[in-house]
Amino acid sequence: MSELENPNENIYSLTKDEEEILKPKKDFFIKGVLIFGGLFFLFSLYELNIDYANLLEGTGAFFAMLIDMFPPNISEWAYVLPAAIESLQVAILGTVIAVVISLVLAFLAAENLAPSLWVSRIVKGFATLMRVIPTIIWALIFIVAVGLGPLPGVLAIAVHSLGMLIKVFAQSVEEMDEGKIEALKASGAGWIQIIAQAVIPTVLTALMSWTILRLEIDIGESTILGLVGAGGIGWELMRAMRSYDFNSALFITMVIFIMIFSVEMLSNRLKLKV
Amino acid sequence: MNPILQIENLDKVYPDGTVALSNINFSVYPGEFVVVIGPSGAGKSTLLRCMNRLIEPTNGNVIFKDKKINQASARQVKQIRREIGMVFQNFNLIDRLTVLNNVLHGRLGYTNTIKGSLGIFSKKDIAEAEEILDRVGLKKQKYKRADELSGGQMQRVGISRALAQRPRLILADEPIASLDPASSKNIMDHIYNICTEDKITAIVNLHQVEVAIKYATRIIGIQNGEVIFDGQPSQLTDRIIDEIYHNRKPPLVHAQ
Amino acid sequence: MNPILQIENLDKVYPDGTVALSNINFSVYPGEFVVVIGPSGAGKSTLLRCMNRLIEPTNGNVIFKDKKINQASARQVKQIRREIGMVFQNFNLIDRLTVLNNVLHGRLGYTNTIKGSLGIFSKKDIAEAEEILDRVGLKKQKYKRADELSGGQMQRVGISRALAQRPRLILADEPIASLDPASSKNIMDHIYNICTEDKITAIVNLHQVEVAIKYATRIIGIQNGEVIFDGQPSQLTDRIIDEIYHNRKPPLVHAQ
Amino acid sequence: GEDADASEGEDGWPDKISYGVLPGEEDSEISRAHELFVKDMSEELGVEVELFQGEDYNAVIEAMRSKKLDLASFGPFSYIIAQERSNAVPFAVRAKSEEDATYNSWIVVPDESDAETLEDLKDKTILFADPASTSGHLFPRGIFIDELGLKNDEIESYFSSVSFSGSHDNSILAIAAGDADAAGVCSTCVERAIDGGMVSESDFRIIKESEPIPSSPISYRGDLPESLVEAIKDFVYNYDNETYFEQAGDVESRYIPVDESDYDIIRDTAENLDMSPEDLLSN
Amino acid sequence: MLNKWKRVIALEGTKDIRRHKRLQTMLIILLVIGLTVWSAIGTDFSVYEVFSGVGLISNFLFLDLLPPDVTTSGSLLGAILETLYMGFVGMVVGALIALILSFLAAGTTTPHPIIQVVVRAFTSIIRNIPGLIWALILVASYGIGVTVGTLSLILGSVGFLTRVFADTLEEIDTGKIEALNATGSSYLQVLAQGVFPQFIPGFVAWSLYNLELNIRASTIIGMVGGGGIGFAIQKGIKLFQYKEVSMAIILVLVLILSTEFLTSKIRERII
């Protein structure tokens, strides 16, 4: 407001010096990052030593193969559909378990709710480790414990999802308005009450959309687990690929696509609702 | 009469070294309507939050009804907080819950953990919450979601939540700073009338000197973390106001 | 003198069936400072947006300097828009760009696509933008990011952007609705003085009747999508105001 | 799988037998026949038999090791590891005759290559399938050691580059495309790729064939009750459901007995390559 | 009188809406519980089995996987760098392609609704076919190694980034676009001068996050012939060199943590 009241302001005309002072400082950090990023990209390309001739040729083969996959062979549906349902069940149960557990751990991981910064750091570190260990290794670990079949698949998916959900749930909680937590604290509410009555209602939308996104990812992940004897549609796909039955492979891929796509549609629906 | 709240040698130094309060001493007696004024950054919010230990004091005592809050256990703190209602500038309602549910949050301190977490409250609590809403003129809005209300309505819910605690003391931190003039008056009237009728002691932080003078039975002026005025509104001369605000006028926008 | 803008039998029905404008007819002559008033939802914004075809009219004609905007090709629409500056309630500046850059956006319509996209403007355009900024008292802020400014300053950048178009007509949709009283006056003074000095015709939507009366050379009152008053400020009696606002007073908050 | 110790019946038999199946690299196709096999076995033994099919032999070996799996079909190399790690005992292979119970490993080169002998491959590039493949790594590598008198650690320097393609399919495709100078692949896999239309016989030449490699055995876990093992063997050796054998690839094949010593050749080869179970599992 | 009725109807209305909403919530909760139970039955879920296996898990973890074999870190270094190169190239190329596609796919910026639908469908196919399947198809057409690894990371990045970029673009304040339209700017100018500056923070943040995803994904892609540390992990598992596998995983962890650290620094500066 102050400079509005200065009637002489228009008379001012910037001198060279003033111009210098006002000119925004060039941000060398961003420039540096851009240049470094560009160079690193070129360096990476060089190191990867990609065979561009092969890239062209392969693209031909790629499309030839895609065309070759048509039409889809649906004759195996009596095997594929139950397998798809099993994979879906593995993904749903794995996601649900992960959501339930991460709902507890996320509040310990969120800095604004954690009993101490250390608890938060430890839980977050734990979550990162769970994400970094590939699903397939988790599957192996659980196979040792419970044998082959869908159960180790469920556990592997649950643990791997847990790693991500703890992180994103905690992030949503941390982004929440501190005042709302304070308000309930001030009324004498306890930790659990604050979480149930203030935190969860506030971050519910975020939790729901993360959960659904995770379910989409988990349906994809459960296809990998077929390889390790967890059954499901992943094994059907491997079978088709190993038998060079590309038309069946296409059908299986379409089934997987439809499963994930319907979850995506569902999530769009819910987003509109909430 | 015994004071309801005593502040003794209170200091607050934030971890980054900011001295927000230094050596604050005063007592508040039942029935007082105390308004704390002071320029931005003076320490008003810090002082209020030390009173129910939302902020940990660095030194000194805060004594509520003969209990030292600053030495109380976590459990005791919760019990003391139940008796102190708090009203916020940004209302701090839970958007997605109903108005009634927000008011019932004032009863959480008296409800067992499981029931409270599930949002199950006794018939009596609900009847009382509805009565309070009636009192602030929001009976019809009780099933609305909190984020469907106007600012003035939200603050009335904020007040109702504090009242639901059946508090002995209400702390209000700039309750009208984000409201337009008309709503501001309405809110201050509500706070003042209810506190008077129910014999609730009130400590209110305000930016607006005019409003302070209009409602307060006692004004505390702080500046730079120290109390530099403590007296009746009539004793607050222009010279003292100037001194409190260090020749800075209180912001014009909210002047009434 | 030929009208600069003619509105003929203008209707606007939104896809959901809302009739926002029905059978609007008037002409605006060069040099007029027209203020459109009316209650919320009357159709003021819709009317203004139809004038530069940000909204497609359902029926009728909008004729700017003898060209029918509603029948113009995409290319012609762009050319017509260059000559019509627009000022928005929310300023609609690009936050992360500098003030100068935002003002230069007014020159995009005259700059070739590639250069404009890369943000490369001629020396002349830059000099002119600086001159405009000087005029609205923002010379020193020219290298600041737009989101570092206060509301009043942002609106002055919004006006500068419109001026950079060297417009024949300025449309302003509630340019002061999100500003405090002091900034509001400043902004209205700027718009009024510049339009008068540069002989730019102005059509301004306002909520505040007092402000309308103070600045307008002509007031158009609309209600429910229809023009129910069109005359000089002096002709605007309390009875007519009452009628326009249907016994609803214009909102109190902005009353000056 | 069911914990054998936890749920033994009267004669020490578990309530449920778990059978893990991996497609052997020599299997001409991955069939659905196992479901029939398992059903018949269950009827014969009067015990529920559960089937698990996968691609990953680690999973099967680990499951057997923690006693979550009773029967398993392994590739030859994975069997010798399973014997060491999980106490697996081989007892049957599916074949028309004893002579037929083997397959081979080939060293192949692109059709347009000049190479005629192993010596011609010096300083060329070679592809193996994957590190744990019997016919795609162990045996081809063994061929170079035996035929050229190289030591195991000289192989890397003998060629200009040694890499793993991940699978036999990838290897033969790479040879057909001329992306590598030579590759070690399994004979049946190449035949399968030809049948599948992925490559044609004119795309490559075979310059060396390995000794016969014994086929993938079915094994039982060593600590199963004697009587159960006998019953299983009895069922498997006499199994003659033609529908099954037709689906499995050859109507005329049956299960014939094998024992540990039939796989000595694998052990020796692995030993030469420092890939014996003792070497691998020592850490 | 009429007003009074209107009020009553309005009140009734809110009650109905409340009841309706509650019913809806209950239905959703029941559906979720039902699906969970159905899945638990279908997958033979048993809490008992999970807990009785804990001893076996710890055996496996502490005797087989741990401690990591530090001596192999030297030879794994090449593989982890390769993973970084693949992830980075995948991110850069993927982000550039997704940048263009997302402008076509976002309702606020698309030149034509039909283009929007086509691009959305296309990226949805890319996104919803799992990486493993892409890798299998790509291996069959391009052979093996880092080319395929990089290609499938690019595909994954395009699928993911197009979606999040488009979402970001749709959240952009349309008033600002209108303001530039009102000056007579052309489509490209509005995109470059009005939309892009608003889009930069989201663009940078999501791209950097995608780098992290790529590094993690390459542990899977390596397993089907995509090269990098994933292949090393796969090889380690197959040869039962579990201690080498845990070393490789630790290296991935270190790489992820360092990218996380670096990207948070960059994000801070740019936003």
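Each chain carries a letter (A, B, C, D and E) given by its place in the written order, and its residues are counted from 1.
Methods note: a residue touches a chain if its C-beta (ideal position, glycine included) is under 8 Å from a C-beta of that chain, and two chains touch if they have at least 3 such contacts.
Computed from a predicted model, the values in this text were never measured in an experiment.
K.L.:
Specify the angle of rotation obtained when superposing subunit B on subunit C by their C-alpha atoms, rounded to a multiple of 5 degrees.
P.N.:
175
K.L.:
Taking each chain's centre as the mean of its Cα atoms, which chain lies farthest from subunit C?
P.N.:
For subunit C, the chain whose C-alpha mean is farthest off is D.
K.L.:
Count the C-beta pairs in contact for A-D and for A-E, then report the pair with the higher count.
P.N.:
When A-E is set beside A-D, the one with more contacts is A-E.
K.L.:
At what distance in angstrom does the C-alpha mean of subunit E lie from that of subunit A?
P.N.:
4
K.L.:
Subunit A to subunit B: how many Å between their CA centres?
P.N.:
Averaging C-alpha atoms per chain gives centres 42 Å apart.
K.L.:
From the mean C-alpha coordinate of subunit D to that of subunit E, what's the distance rounded to whole Å?
P.N.:
Chain centres of subunit D and subunit E, defined by C-alpha means, are spaced 37 Å apart.
K.L.:
Could you state the distance in Å from the CA-based centre of subunit B to that of subunit D?
P.N.:
It comes to 77 Å between the two C-alpha centres.
K.L.:
For subunit E, give me the residues that contact two or more of the other chains.
P.N.:
Residues 53, 56, 60, 140, 143, 237 of subunit E touch two or more partner chains.
K.L.:
Name the residues of subunit D that each touch 2 or more other chains.
P.N.:
Each of 58, 62, 66, 177, 179, 198 in subunit D touches at least two other chains.
K.L.:
Could you check subunit C for residues that touch two or more other chains and list them?
P.N.:
In subunit C, 182 touch at least two other chains.
K.L.:
Of all residues in subunit B, which touch subunit A in the complex?
P.N.:
Touching subunit A from subunit B are residues 52, 54, 78-82, 84-86, 88, 90, 92-97, 101, 105-106, 108-111, 113, 116-119, 158, 161-162, 165, 171.
K.L.:
Write out the stretch or stretches of subunit A touching subunit B in their complex.
P.N.:
The contact residues of subunit A facing subunit B are 177, 179-180, 182-190, 192-193, 195-198, 201-202, 204.
K.L.:
Of all residues in subunit A, which touch subunit E in the complex?
P.N.:
27, 29-30, 33, 37, 40-41, 43-45, 47-51, 54-55, 58-59, 61-62, 64-66, 85-86, 88-90, 92-93, 96, 128-129, 131-137, 140-142, 144-146, 149-151, 153-155, 216, 220-221, 223-224, 234, 237, 241, 253, 256-257, 260-261, 264
K.L.:
Considering only the defined contacts, which subunit D positions touch subunit A in the complex?
P.N.:
Contact set of subunit D toward subunit A: 1-2, 18, 20, 23, 29-30, 32, 50, 52-56, 58-60, 62-63, 65-66, 68-69, 177, 179, 192-193, 195-198.
K.L.:
In their shared complex, at which residues does subunit E touch subunit D?
P.N.:
52-53, 56, 60, 69, 139-140, 143-145, 224-225, 231, 234-235, 237-243
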